[in-house]
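In the two complexes below, chain A is the common chain; its partner is chain B in one and chain C in the other.
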Partner chain A sequence: MLNSIPVLLSPILAELEVGKHLYWELGGMKLHGQVFITTWLVMGALIVVSLFATRKVERIPSGIQNLMEYALEFIRDLAKNQIGEKEYRPWVPYIGTLFLFIFVSNWGGALVPWKLIHLPAGELAAPTNDINTTVALALLTSLAYFYAGFRKRGIGYFAKYIEPTPVMLPINILEDFTKPLSLSFRLFGNILADELVVAVLVLLVPLFVPLPVMLLGLFTSAIQALVFATLSAAYIAEAMEGHGAEEHG
Partner chain B sequence: MTTLWFLATEKGGFGFHFDLLEANLINLSIVIGVLVYFGSKFLGSTLEGRRNTIEEAIRDAERRQSEAKAALAEQQQKLALAKTEAEGILKQAQENAQKAHQAILEQAQVDIERMKASAAQDLSSQQDRVVRDLRQRVVDMALADVQERLPERLTGDIQHRLIDKSIAMLGG
Partner chain C sequence: MDPMIASASVIAAALAVGLAAIGPGIGQGNASGQAVAGIARQPEAEGKIRGTLLLTLAFMESLTIYGLVVSLVLLFANPFS
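Take a look at the complex of A and B:
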């Protein structure tokens, strides 16, 4: 989709690489290795922080335990707001994983000087700036809301497609495709665009000028993580509740 | 100022690539500095507040627990007291009942004795009266019989003899 665009502005400054990947061959599949490396790093960071936070659980939380409890509370409130008091609890882990993974990926991509590490091809960046990652996450959300809908309403979940009128059937079916599409492209586009803008600005004016854009990028990244998690929760809630014929609430 | 060195020999390998400008190090350190400075302030106060709230809540809960415990102990003491009191009352009542029982029995015994005595007395006095009546009647009947038969048997001749006999007895 995106071809290599070597932007050679000056022989001193390096080229800007887009669409170049570190390919790993695995059973005939070409994997984007740099994405995997950063994904594992993000996962590792999250796991290590979680382990540290829960290693010595105190009654009155302090330090990292307090911070992680604060994060958990935030995620729980997010899920509760979207899904509702009655059903939200089993979905907290999923929503929380989405939020934390995307958030740490985005901020990791924006804050860690990945360019210090040189790869044979491509360069390390936020995992979410690769469309494969975001599509995977969005498809997980699709699976999650189908599962939620079928679990809650059984075969009656299909009634959702002809609500409020059967005329809406094509649009409702289309929605199942547009949801993951919009989710994945929104996240991917925002993160990639942010990184590109920063990279281009850094190429043009290396010092101080990219700062506002970088700060803005941090803000956008956080918001995108929030949006992804919130929308996933909202889709799950929608699948469980249906448009009309609410049994509760 | 480009410093390049590779852990791998070729340009294509993995390596460490130190370039102050290209790696955007200055900007990143500024951004991280800003983030740490403001973030730690905001996050610090938020987390401190959260910690204080939790501490407060725990202390409050503990205080209420101890209060409840104290109240429970107090009430249990009261309960024990009431139980002993109830036992005392029960014992007292049983004693009283026993006493009343005894008293009533004794009274009844006394009454029976008295009634028996009075009945016996009654019987004997009745008997006496009946005997007296009977005597009276026998005497009356005998007198009447005598009076009835006296005139026909007490003739002049007999009267004379009687008087003579009496005189003879007197004079000898």
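Take a look at the complex of A and C:
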């Protein structure tokens, strides 16, 4: 979202701002400052929780260590299901980082009352409701599956472009572009749509009525984090195995 | 913004999200119906079916979301204004 008209539905009750950003100038580039602030906060929260969980590792886990072990097991199972028993281990950190970052940003954007903090322009929200964040994550996934394919199959990776027949060449090349496109648009659209729906409902009825929609938003944002991580793992697995493996939308 | 472009954009935005909801709606209905039939036939597989169904629904949902992204671009980041 570039420069655009802000939509101020009602300045008193609820302000709905799309496409307004807090711009930082850095070497002739314009950065969306509010996204950076929330991204750093999410990263900081994740790092602090991980440090606390691993500071005093015990044989019988309790408290925060228990939680993080549960999260790790969940991510490991996810990667194992998609990539397979033999190859999954090196990809657990990548899949886990994607899942935890997206999950914590989505829930942080929905649960923390960011709107109470006023910025000179724009407003704080989940980092994933900015298209730049999701495109960056999706391109990382593209790089990851190219790397996985080359690592595993060498130059023979390109053979997948003419499988099953050379007629499929344009479609196979197109697939490399539609994968990051659909990944990024799916995440961005879902998060932004959630926030817009909640904002419009808050505008209409400020009390209680938006609560079920907010709960639905929490549910879909958790599912979206899961979908992003699952799809990344599926793409990596497909690049390593070649075509004929199971495919996902 | 030129009123002609504004009105055309608003109509196009409504059509984009409305038409994009038809296909996924039918698909989600089909998938959920089949899932319910599967659970009725084999109640012990409910957990697995539910997990797969939720993931599949999210994939179908994303098609509507693409329409929504197009309509949001038309409304908030219109390239022709």
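Note that in this section the second predicted complex is superposed on the first by the 231 of 249 C-alpha atoms of A that agree within 3 Å, B and C clash if a C-alpha of one lies under 4 Å from a C-alpha of the other, contacts with A are read in each partner's own complex, and residues count from 1 in each chain.
The rule is simple: a contact is a pair of C-beta atoms (placed from the backbone, for glycine too) under 8 Å apart; a residue touches a chain by one contact, two chains touch by 3 or more.
The shown structure was predicted, so the numbers you read here are calculated from the model rather than taken from an experiment.
Student: Tell me the contact category for A:L211 with respect to chain B and chain C: first, second, both or neither.
Tutor: Only chain B; A:L211 stays clear of chain C.
Student: In the overlaid three-chain picture, which partner chain does A:G84 touch, first (chain B) or second (chain C), both, or neither?
Tutor: After superposing on A, A:G84 lies clear of both chain B and chain C.
Student: Can A:Y70 be said to touch chain B (first), chain C (second), both, or neither?
Tutor: After superposing on A, A:Y70 lies in contact with chain B but is clear of chain C.
Student: For A:F185, is the partner it touches chain B (first), chain C (second), both, or none of the two (neither)?
Tutor: Once the two structures are laid over each other on A, A:F185 reaches chain C alone.
Student: If you stack the two complexes on chain A, which partner ends up touching A:A193: first (chain B), second (chain C), both, or neither?
Tutor: In the superposed model, A:A193 contacts chain C only, not chain B.
Student: Is A:T230 contacted by the first partner chain B, the second partner chain C, both or neither?
Tutor: In the superposed model, A:T230 contacts chain C only, not chain B.
Student: Can you list the residues of chain A that meet both chain B and chain C?
Tutor: On chain A, the chain B and chain C contacts do not overlap at all.
Student: For a test of understanding, state which residues of chain B touch chain A in their complex under the given definition.
Tutor: Chain B reaches chain A through residues 2, 6, 12-19, 21-28, 30-32, 34-35, 43, 46-47, 50-51, 54-55, 58.
Student: Can you name the residues of chain A that touch chain C in the complex?
Tutor: For chain A paired with chain C, touching residues are 1-5, 7, 18-19, 182, 185-186, 188-190, 192-193, 196, 220, 223-224, 226-227, 230, 248-249.
Student: Once bound in the complex, which stretches of chain A touch chain B?
Tutor: 12-14, 59-62, 66-67, 69-70, 110-111, 113, 115-121, 198, 202, 206-208, 210-211, 214-215, 218
Student: Within the complex, which stretch of chain C touches chain A?
Tutor: It comes out as residues 1, 54-55, 58-59, 61-62, 65-66, 68-69, 72-73, 75-78, 81.
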